[in-house]
Amino acid sequence: MVKFKNIGYKMHDWTKYLFPICRSLTGSGVRETLHYIQNLIPELKIFSVPSGTQAFDWVVPDEWTIRDAYIDDSAGNRLVDFKQNNLHIVSYSNPIDLWLTLEELKPHLHSLPDQPNAIPYVTSYYSKYWGFCLTHNQLKSLAPGQYHVVIDTDLKPGVLNYGELILPGELDQEILLSTYICHPSMANNELSGPVVTTALTQWLGMLEKRKYTYRIVYLPETIGSIVYLSKHLEYLKQQVIAGFNITCIGDDRCYSFLPSRNGKTLSDYVALHVLKHTDHDFIRYTWLDRGSDERQYCAPNVDLPVASIMRSKYGEYPEYHTSLDDLELVTQSGLQGGFDVLRKAIDIIEKNVYLQTTVLGEPQLGNRGLYPTLSTKESGKEVRTMMNMLSYCDGNKSLLEIAELIDEPFWELTLIADQLIENDLLQKLEKKRE
Amino acid sequence: MVKFKNIGYKMHDWTKYLFPICRSLTGSGVRETLHYIQNLIPELKIFSVPSGTQAFDWVVPDEWTIRDAYIDDSAGNRLVDFKQNNLHIVSYSNPIDLWLTLEELKPHLHSLPDQPNAIPYVTSYYSKYWGFCLTHNQLKSLAPGQYHVVIDTDLKPGVLNYGELILPGELDQEILLSTYICHPSMANNELSGPVVTTALTQWLGMLEKRKYTYRIVYLPETIGSIVYLSKHLEYLKQQVIAGFNITCIGDDRCYSFLPSRNGKTLSDYVALHVLKHTDHDFIRYTWLDRGSDERQYCAPNVDLPVASIMRSKYGEYPEYHTSLDDLELVTQSGLQGGFDVLRKAIDIIEKNVYLQTTVLGEPQLGNRGLYPTLSTKESGKEVRTMMNMLSYCDGNKSLLEIAELIDEPFWELTLIADQLIENDLLQKLEKKRE
Amino acid sequence: MVKFKNIGYKMHDWTKYLFPICRSLTGSGVRETLHYIQNLIPELKIFSVPSGTQAFDWVVPDEWTIRDAYIDDSAGNRLVDFKQNNLHIVSYSNPIDLWLTLEELKPHLHSLPDQPNAIPYVTSYYSKYWGFCLTHNQLKSLAPGQYHVVIDTDLKPGVLNYGELILPGELDQEILLSTYICHPSMANNELSGPVVTTALTQWLGMLEKRKYTYRIVYLPETIGSIVYLSKHLEYLKQQVIAGFNITCIGDDRCYSFLPSRNGKTLSDYVALHVLKHTDHDFIRYTWLDRGSDERQYCAPNVDLPVASIMRSKYGEYPEYHTSLDDLELVTQSGLQGGFDVLRKAIDIIEKNVYLQTTVLGEPQLGNRGLYPTLSTKESGKEVRTMMNMLSYCDGNKSLLEIAELIDEPFWELTLIADQLIENDLLQKLEKKRE
């Protein structure tokens, strides 16, 4: 795995580049983001779905374009400026150009009294509205008087965009990686998602062989996954054996897990295994804590096996949905940790096999030189692990199940398994022994 | 459910009326009790089974009639008088008329040294005996001397009586409600049982429609349920899907639960759900704590799904089987609480369905006006509950199972389900989706 | 069971006799041990397998013979003498006759600094070596100088021996009892094993009838069980329904349990039941703590149902594999306790049946005189236990399962079951009722 060690080392730089772009459900910010990612993974295909398209219970909304938005005081001082921070504008705001008193303006101003230095993130996708967001400190500083309020936006028929990349493997069975690209300048939720997904895709593309086919999608949250499912549901239900919704994966604090609705899919077992052996104190959420695209992927009778491996989960960290979710909160090491756990999870799915001993009873390890091979300073522990593993290789348990039974990381067992296979003590089975 | 709110408001009055009647396994007290209940629910049918009838391993005993029983001192003072309290006589006592010394009398006197103000309840159904019960304080006050002891009873072939009422529903499948009527003047064990059962029967009779058929029986404990099972077992095994043994359901202290032998019947799940959402500290007994007619209904190869929802359980409260189990221990609010939990349990069985979403992915609630409809002060919580419920409506889980998964009371989910069905977002399934 | 009460009363004497014999994987010590056991159970057959025989992944080693071994100082004082304690020699040591300086000798001397009064037990079966073991105190006392080191051994083609005894029962299905005979002078590990096994065999031989056939084997650990399995595996897989590896069963401290690999075999359930009702604080090890012949019997695709009931487990007590594991550590009462739990475990397997009530509903116990029969000082408890047992006799649960459900020892329930069968209230079923 040495050759992959530098994969993803530019993730924080990518985040920095993408950070200022004003993304929303639709519009040029989404396309700009997808084109940047296309530079990193050229096989990415970008799709457009016309406004008004029906998708299950939903309709693709009109496309929103924003050119400018600001509040000037009567002296012409620019107090709030979309060009300084795109969180200042309520997403999907209608166009206006008005002079208002402070009292008239206030119902359209959003701030957070408990976080007076944070600009909140507010959207109004499905009801007509306009509004600005600002820090509570700035709100308090506004003097009575007249304000010139300008929002230069359009909301009219256009398209919804998403990106898709299929990396073929030996099998048609698929692993689904899904991330979203509809939030403006926030780093953990959401840029960590597409950035880590992009690094994973580069890694997957460099693998000499892939057992499974990978379907990687970048789409706006909720409406995007609904549109995508409405186009591909039957095929996905047949082919997807595991999947991850990739979000909130870039800070340095905890690791956390949110299950699929079913809770007992391959994705769930793999995620729990990786996290347990990465961070003993990882946080385990339940389906009732859900809040991202697993709501669609795991909806009744959709039922794709999609779980979430995260660092600080949406809704659970103080900077969530504010301007404080920034390029300092998300770090290169945070992104790298997120990349590593997802890479390990995928690696387990790729390498999970049923193993069977070739000899009955315990093998003679000494004769086969297996003691010395393993004889490092921790050799006693390693021989014990090898014997424990072997004792479960009856062809009825997957290597992941064995790793759970003997409470050792899967990635250590694969190394031992490879040695034992080379020594003809183990054989791989295509599937579970009857 | 507003129209039912006054059901049962006379339960304590009924208890007061029935309290002085001297019930036993057989005899006029049982018939008098059944006739009083027949006034409240005229459809009740009263059955008579002749003494000597074989029922499984048992034989219906002779009928016991008591006219009088007392102990006078040599001066003719009436010290112990059955007419003052029918617990003074050991049930099924033989007739006698004797002058005895205190020493000769004492082996026939029963008291409770640890509860010196309580008259104990003693029976001798299956071996020939006579005896009196009195408070320990009174026993200690008896002076040496001659006592005139009179018991005017008969024990001769007659009948055993029980009451039965069938309330037909849309389906032939049945819910069994069983209670007993063989204890003299004691209120929690037993009058709360027949009284709450009578209020439940009135409520069931007033329902516009019933999905299930209800079989309500009032019978003497043990021999009564054995006789009843011996007549109807095959039909009951085919038709009964749930049932409750109704006893000890009238005091104001705790709620408690005793499972069926199987422990995993619909009755068990429903009872646990109701109790958990009624009284977080309800007491959970096991099958090994059994002691009433579930011993017959759940006997091996009888196996009816009968559980017990109680307040203070027989054998577990200090006043049990004494004169202290009286009209003060059992209150109108205690009876009402007992009625409510049983009514809720029945209501769940009536309303439990399999629900399936009509759309794939999450529905657009805004479009359908479902946010405003629910928009009370707790609307956030309610929308969350609605979405959690919807997320499990895959047609494979009953509403009761969903209520357990999201830890909300069934009766709140039915209200939400009704709204969603009206809005065509949910449909009811006759049975579990394959 | 009174007639068996003296079985095993000579176990400590047997241990004392066998203690000084120098056993190893092969050789005259093993044969001498088997012949002594053959005196106690004459039906024992002794088998010889030639060196070089292939058995699964192993080859039977050459036979090791030791005649003498000692270290003399230059003055001719005998400092270390195999004839004083056979632990002084590393098992399978090559022959030598050398004069060495203390420095040259030291790499071949083994002691335990933490247990300075103990001679350790060391083997070198599969690599050529010679060495002596001695107390650390003695090691420290050795002065610089010349030492005469003599080991008079042979290692050449011969045989590996084991003993086998088949006690036929009504059924061909078998219970396997396996113990090992390859350790020199140590008492808990290992002599308690063959000694308790021999007492169990005497007890089994005296039984009027046996439901199952018993296969009792005495063999060198690891290579012996591998050789044995390689000869009989297919038959054993068909016939063995339960089995125990009998080792470390003679001290007076704790009881302990090590499961089969499967963990849910009859042997496991029976062992856990006996231990729970014998010693509430028994130690429960896992498969990962294994270390004896269960490694072969439960190997992948061997999968015999073999568990271990022990007292102080190998590797878990301070005297393990040292000269301190002696005739004081192992006591007659320790061996008797070990014998008793294994006898009870076997007794449960012999007597476990499916029971079904002959009457529906509870039986009339009074009529049948079952109350008096049981009316001892604890009669209330006994009647309760009888009724609890009866309440589960539906023909679908084995008596062992019922004993677990009502948390009573199996051996008490069989007595009650016999009474109830005599009274025609229970019947035995050949197998589980559909």
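A few points about this structure:
In order of appearance the chains are A, B and C, and numbering begins at 1 in each one.
To be clear about the criterion, contacts are C-beta pairs under 8 Å (C-beta built on N, C-alpha and C of every residue); 3 or more make two chains touch, one makes a residue touch a chain.
Everything numeric here is computed off the predicted structure, so don't read it as measured data.
In this structure chain B contacts its sequence twin chain C using mostly different residue numbers, the overlap staying below half.
Chain A maps onto chain C through a rotation of 120 degrees [Cα fit, steps of 5, range 0 to 180].
Distance between chain B and chain C, defined via averaged C-alpha coordinates, is recorded as 55 Å. For chain B, the set of residues that touch two or more other chains is empty. Residues 356-357, 359-364, 366-367, 388, 390-395, 406 of chain C touch chain B in their complex. Every residue of chain A that touches chain B in the complex is listed here, in rising order: 55-58, 126-127, 222, 225-226, 229-230, 233, 261, 287-288, 290, 295-296, 298-303.
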